[in-house]
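For clarity, chains are labelled A, B, C and D in written order, and residue numbers in each chain start from 1.
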Amino acid sequence: MSRPRPEGEPFRTQIRVRYEETDAAGVVYYANYLRYFEVARVELLRALGVPITEVEERGIALPAVEAHCAYVRPGRLDDLLAVDMWLEQAGRAAFSFTYEVRRGDELIATGRTRHAIVSRGDLRPLRAPGWLEELLGRAQGQQAGPE
Amino acid sequence: MSRPRPEGEPFRTQIRVRYEETDAAGVVYYANYLRYFEVARVELLRALGVPITEVEERGIALPAVEAHCAYVRPGRLDDLLAVDMWLEQAGRAAFSFTYEVRRGDELIATGRTRHAIVSRGDLRPLRAPGWLEELLGRAQGQQAGPE
Amino acid sequence: MSRPRPEGEPFRTQIRVRYEETDAAGVVYYANYLRYFEVARVELLRALGVPITEVEERGIALPAVEAHCAYVRPGRLDDLLAVDMWLEQAGRAAFSFTYEVRRGDELIATGRTRHAIVSRGDLRPLRAPGWLEELLGRAQGQQAGPE
Amino acid sequence: MSRPRPEGEPFRTQIRVRYEETDAAGVVYYANYLRYFEVARVELLRALGVPITEVEERGIALPAVEAHCAYVRPGRLDDLLAVDMWLEQAGRAAFSFTYEVRRGDELIATGRTRHAIVSRGDLRPLRAPGWLEELLGRAQGQQAGPE
């Protein structure tokens, strides 16, 4: 929780909390932040010009191999949450994102996911193909912002 | 709601209500009864000797083409629900089930789903293969009970 | 399925299909259309000036007492679905909506939900308070469109 | 992933993978392991004699403040998964569990959740009441096994 805010401009996705995402405690169910992180990843891919369906058509899957979430304040029904994300690290075989979820100025949750690059058919590890390396480079560049 | 209880012995599956299945109103989220109906269908297939994975390996999918649920009393966190189901109708191309969800003696919900028989690859309608006809026959027989 | 399209202009909500809303059959899981209907209802309330959280603060809950969905074509990952909804009927103690889900011109699903008006604390039936009657009136008016 | 297996006997819960828990990649959606961890926690509470509903009636909530999951092999439709869990640490204000998910001998996922002890009404931190301390003590004792 004490980790410094990542550098560079994040990619922001807005998510409205749905009824079914809350639980009997009256707050967003804890597993749902991982769903929100996924929504943000899919929107980042789209913003970079390669929708998730096209990634899959190219025979690539990017499964999470690790996920972490820290819960700071409860999200609630109908909240408009902003999910900010940063590419943290990108290698030939894996990459990771960090996330911050906010409601206005309030920090709701932070997270991190690490992803493998695998062939969609048999889930075998792959080296990132050129277009994916280039795309991850742009994800990082986007965050570094103009210089 | 006023329909008569179906004839024959139902197939019963017990389901424990999970935290994430409740919502901020403190009750089971309404869409989740359709999940419970699916759990019951999968257990019925298993009881008849053909697990869902084997149905799929045989190239068959049984997608819902219609679903209905009537909500009588709210289900709640950690309730142990009994889902009773009956094969209502079975034809060459489609079949339907009815369901009753109870908590002890209290009726919680009733439902009905209708399913098509399609090829798993392209979702084209199929005539029920022999083994599936036979299986649906046993589903009906099971309900009719011994004579 | 053969029912005529409801009259009047529908209220439209756009929904992007999320990864977790698909299942191993590669399509949108059947219960998720009920989630989409709920998203549409919440957006309709917002458009009419009374967010769902305010409905609840006023001590009212509007639980589904019945839900129906007919599945016409499978929705798929990352589809941008349009959910059109109409107020079908509004009485003192209950009201109902109909829905049509489309991907472009293709009809994906149709549905209907009926809702009770209850006190949020004990879920006892209530007569619709004035503001809710007025709001449902505007929901209908909106659909009837200008004359 | 290289952390040593926790000491003591774990508490085991069996979970059958449901259709809706899979996604279009044909595997268990990554957020669902957090649901499975919750099912295991609720079953542990029950085994220790205090069902989750009774915890809540006593005015206590035990929200996750942190969750981690590492994905080793994909879980699949209809898998019967064993979730083993250990109480890792228990303090006056928080406690944590570790988890291992297996399909037969294969390790599918590992995880860890940390929980705060809060008042259910306002979510303010509490010191663990005596009965909860005692219950967590037994959770640990159970794992240490008979001496």
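Here is the rule we use: contacts are C-beta pairs under 8 Å (C-beta built on N, C-alpha and C of every residue); 3 or more make two chains touch, one makes a residue touch a chain.
Treat the numbers as computed from the prediction; the structure is a model and nothing was measured.
Comparing the chain pairs A-D and C-D, the larger number of C-beta pairs in contact belongs to A-D. Ranking every chain by how far its Cα centroid lies from the centroid of chain B, the top place goes to A. Each chain gets one centre point, the mean of its Cα atoms, and the points for chain A and chain D are 24 Å apart. Centre-to-centre separation of chain C and chain D, using mean CA positions: 36 Å. Counting only residues that touch two or more partner chains, chain C has 19-20, 25, 27, 31, 35, 38, 76-77.
Chain contact summary for the complex, chain D toward chain C: residues 19-20, 22-27, 29, 31, 76-77.
Interface residues of chain C facing chain B in the complex, by the touch rule stated above, are 25, 27, 30-32, 34-35, 38, 61, 63-71, 74, 120, 123. Of all residues in chain D, those touching chain B in their complex are 16, 18-20, 35, 38-39, 42, 51-53, 56, 76-78.
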